[in-house]
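Would you mind keeping the following structure in view while I ask a few things?
Each chain gets a letter, A, B and C, in the order it is written, and its residues are counted from 1.
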Amino acid sequence: MDQLFDVSLFNSMLRIVTPILLAALGGAICARVGLFNVGLEGLVLVGAFSAILGNHLLGNVWLAILFAIVCVMLFSLIFAYISINLRANVIVVGISMNFLAAGLTTFCLRAIFDVKGAYYDKNMMGLPKWDIPVIKDIPVLGGIVSGHSPLVYLAFFAAILMQIYLFKTVSGFRLRAAGENPVAAQSLGIPVRRIQYGAVLMSGVLCGLAGAQLSLGQVTMFTEGMTAGRGFIALVATMLGQSNPIGVVASSLLFGFMDAFSIRLQGFALPAQFTQMLPYIVTLVAMFFFKDRSYLKDAQRANGSSR
Amino acid sequence: MTLLLEMKNITKKYGDFTANHNINFDVRKGEIHALVGENGAGKTTLMRMLYGMEEPTSGSIMINGKEVHFHDPSEAIRQGIGMVHQHFMLFPSFTLAENIVIGGEPKRSGLFDRKAAADKVNELGQMYGMPVDPWRKAGDCPLGVQQRTEILKVLYQGADVIILDEPTGVLTPSEVKELLQSIKRLAAQGKSFILITHKLHEVMEAADRITVLRDGVITGHMESNTTDEEQISRLMVGRDLIPMSRVANEPGASVMHVQNVTLAGAKGAKPLLDNVTLTVRQGEIVGIAGISGNGQSELLQVISGLVQPDSGIVELNGKDVTGDSVRAIREQGMAHIPEDRYMWGASREATVLDNGLMGHQHQYKKGGLIQSHKLRKVVSGWVERFAIKTGSLDTQAQFLSGGNLQKLIAAREFAQNKPFLIAAEPTRGVDVGAMETIHGELLAKCKAGDGILLVSSELTEILKLSDRVLVMYEGAIAGELSAAEATEEQISLLMAGGKRQL
Amino acid sequence: MTRLKRNLFALLQPIIAVIIGLLAGAIAIVLLGDSVIDTYAEMWNGAFGSFYFLTNTLTRATPIILTGLGVALAFRAGFFNMGSTGQMVLGGLAAAITALYLPGPGWMVLVVSLVVGMAIGGLWSLFAGYMDAKFGINLLISTLLLNYIASLFAGYMVAFPLKDQSGSAAMAQTPMIDKSIWLPKLFSGMSLHAGFILAIVAAIALYIFIQKSVSGYEIRMLGNNPFFAAYGGVKRGRMMVVAMLTSGALAGLAGAGEVLGTQHRYLDGALASADYGWSGIMATLLASSNPLGTAVAGILLAALQTGAMGVERNTNVPLEVASVIQAVLTLFVSARFGYAFLKRRKEKK
């Protein structure tokens, strides 16, 4: 690996971007119903752990993915109930979810697998690599696009599906209405609460897939805290992409590329710590490009007029 | 004419409080029926029951002779009742067509057929003489167009009875004229309207029948051609409105002065403040009249230091304070009763005591700490003097009624004894007794030699208190009238954008 | 509710939450097939069972209380400062560097090191605040990202330029700090050091500041309603500087205290992996950002953690049971925010 930019870099990028993209899509659909989901980090972590657990219990990688999805959906119900029914501060709940995820996964790691720090089973079946016929033979493009785990392709497909859903269907239209002006939507008979629950569950599914890709996609292993802030990077990708699925793809690719690039740089005699810093720094710089005055909006909503 | 809608013996109680008592109200096909009354008379409550947002404690609602019970708005919509709320229920980022068809979206092969929606909207616009551009985003449209969209929305939903709740509060005079014309046209086509308002000249202009509510009961019910504004207002208020004449002081030196202040609006839009110049002198009350949304809020924000003007000068007590901080301006000599007590004037979670400290907190500073003894004594004094109903000084502000909170805020700003006071909607939502108290304080402060800038959407308040009346229209001062010259007609004309008749 | 009642309630809340958390832990223990009573008995012993254990708990509580206090102030002002871990790490590193390389009498170097730690922590926090004020970069996310950057940077410093070359070169750590610059222990043979006193003093000082001072008042109102605060002449920019600077300084002090009082060197990952920063945030949430309550909650959380170590030593239950209890605790707190709101709405109707 003596070259900075080559096909395998972009190949890695697509693999690395997948969990971020999936989580960011989850964040986007929550944002669209008015819920700022800071708990993506925790949801993905639970997904990563349950994917390994599912694989261990069921011995099959596909069932493991299903298991992960179910687990994260159940976990996300907690977020949904406390934020929607109890009207708690969505940010505090999100932070709590992250704590809960960290605590639960660490505890279960000890309690179920009796290890500290990480669990690795070399006999466990990871996600397969799919070689796509025809495309794999195209020079350059084939090397980049072909040979990924199915979840990678699913992520991009999910983005397209979400774009169509939100902007072409009636159901997606009403979902956006529920988020933009819940009072008006409710008065029209649109079931805002039900839609919000649906969105949170959907983000649960997406984060479950994201976690599965993390723990089963390259090396089948669960490490404590393995999300390492990716959930927050995904949140930034959501904001940068304006909760628009295609926009989210673009911003996620940016961060995925940075992540892959930083790993590549490690081979070039730069200390690991600085290359590892790169994704976080890039995220900060990216945030420079959209101004966030949400504290004012929240204050306005909370203290609204005397009428 | 057939009776489309009947509300029989409707009573609505909230615990001990009776909002509506034994109301009988009906609407014929093709008529415009005005429902008038002061704030808190019970008009909105009555309509909320009709629209399905509340259920009556007793009584019945009949549509075309059949009794109905509404549990939520969608049931009311299905029976042909549509409501256009005072605060629009639109989705700003959606197009007008999307806003109109939501809930009944046309589909094509399972997907939202936006082209068909736009066609339908154009069709409706033509049919009812209220055309709108279906592809424009609602948030980009002026308020008059937004309201038109709301009306088209209920028409699209198949409404035969349309309730309009205070429709003209945010419209320019020309938009008001258009609205009344549209309503009359639609009535001629067989639609019925319930017009909730307290604007009497609109009632006389457009209504067929008038029902007057006061304190939850009907005090009057007549055909519009048998009555006049004086009689209606008497029935609304319960007493004759006494035209106030106050003894004017000799105004002194300038206490607050703005010169050529301009504040730009969004790109391409009109300026929010357009070359505004005005002076308030010692011992005078200058009233600013005008429909809200014509720059009054922005002017106050510039004067108080919350917003910097793009050009122009603000002077306070002879000193140039343009661009100074809010704190500096307050300390230079300004107090401020804000127009929106919950957003600007108070903190809901904070106690009465804490709320009483804001704006002059540095006057109670000793060694960095708050002199709470002193503060308690002072605030207790306010509670007594203004009869503020609160459990204790440690009760949170959110447990005070709106009127009592307003009294607290007013007391706080009066107590600072500053030479210049901004009083914006000082008696909004306040009961008659408190209103008299606050008005008395304003006059006393003026007599003591301070200057007051009064902004109010209640013309009677402006006329009662002001030495001079300025009218704002579209960000500029449209005209100035002395107390003697100021009549409702003259002011209304200026508010409408017309020229002063000399 | 009178002020006294409200204060009492604020102190009571952490305790109620802990009880709920213990219930959740009980479920976990039962699922593992162990005895709840035995486990919790060991937990109590591990936290408070002897003077040794008690001082251990209080030692552990010190950085939790300090970071918690910092976050409490920031939250009160309406700023979601999630960066206590990074601020603590950099504060600890700065204190270590100062202690190792500044010449002078021991007590003086100690004091300067603490101050430097506070300053660096404060500046790192202020940096995030500045980015928010000037460029509109969301504070919550920026502080979270800065945590990772700070930890990685400190990790680099201690793996390369500042590395302790003596002894087993396997550890990424600075050399040991000279004994004359250590924070004095409060009791001989016990781990509890003067940092704990600093933490308690800070809690009381912060309480007085927030409740009784004019600046504290302005901060509180800013957090309640920024429009109201602006209307009343509160300068958001200045308040933000005060809040973020102090908040970061307290976190920096936490790090410096750990380095100078417990570990006597900067050890890569030691501060971050102990999750003091997150525990501090939890303590604040538990106590609704009340400084005195935060101190109580900090001790409770530390007790959970040391108690759990006792559980690990003496039963089959892993110490991670504390993580579960803590997390459920926090969830309960976040739900309580909503419950209190619901109660109020019912009252109004």
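Methods note: a residue touches a chain if its C-beta (ideal position, glycine included) is under 8 Å from a C-beta of that chain, and two chains touch if they have at least 3 such contacts.
Keep in mind that what you see is a predicted model, and the values were worked out from it rather than measured.
If each chain is drawn as a node and touching chains are joined, the picture has every node linked to every other. No other two chains have as many C-beta pairs in contact as A-C. Centroid to centroid, with C-alpha atoms defining each point, chain A and chain B lie 45 Å apart. We define each chain's centre as the mean of its Cα atoms; on that basis chain B and chain C are separated by 48 Å. Centre-to-centre, using mean CA coordinates, chain A is 28 Å away from chain C. The multi-chain contact residues of chain C, meaning those touching 2 or more other chains, are 225, 227-228. Multi-chain contact residues of chain B, defined as those touching 2 or more other chains: 343, 347-348. Under the contact definition stated at the top, the residues of chain A that touch 2 or more other chains are 300, 302-303. Chain C makes touch with chain B in their complex at residues 1-3, 208, 212-215, 217-218, 220-221, 224-225, 227-235, 344.
Within the complex formed with chain C, the residues of chain A that make contact are 38, 78, 82-83, 85-89, 91-93, 95-97, 99-104, 106-107, 109-111, 228-229, 232-233, 235-236, 239, 271, 273-274, 276-277, 280-281, 283-284, 287-288, 290-296, 299-300, 302-303.
Residues of chain B touching chain A in their complex: 53, 72-74, 77, 86-87, 89-94, 98, 102-103, 105, 107, 110-112, 340-343, 347-348, 402, 428-429. Within the complex, the chain C residues that touch chain A are 28, 31-32, 78, 80, 82, 131-132, 135-138, 140-142, 144-149, 152-153, 155-156, 159-160, 225-228, 278, 281-282, 285, 318, 320-321, 323-328, 330-331, 333-339, 341-342.
Chain A meets chain B in the complex at residues 168-170, 173-174, 176-177, 180-181, 183-184, 187-190, 300, 302-307.
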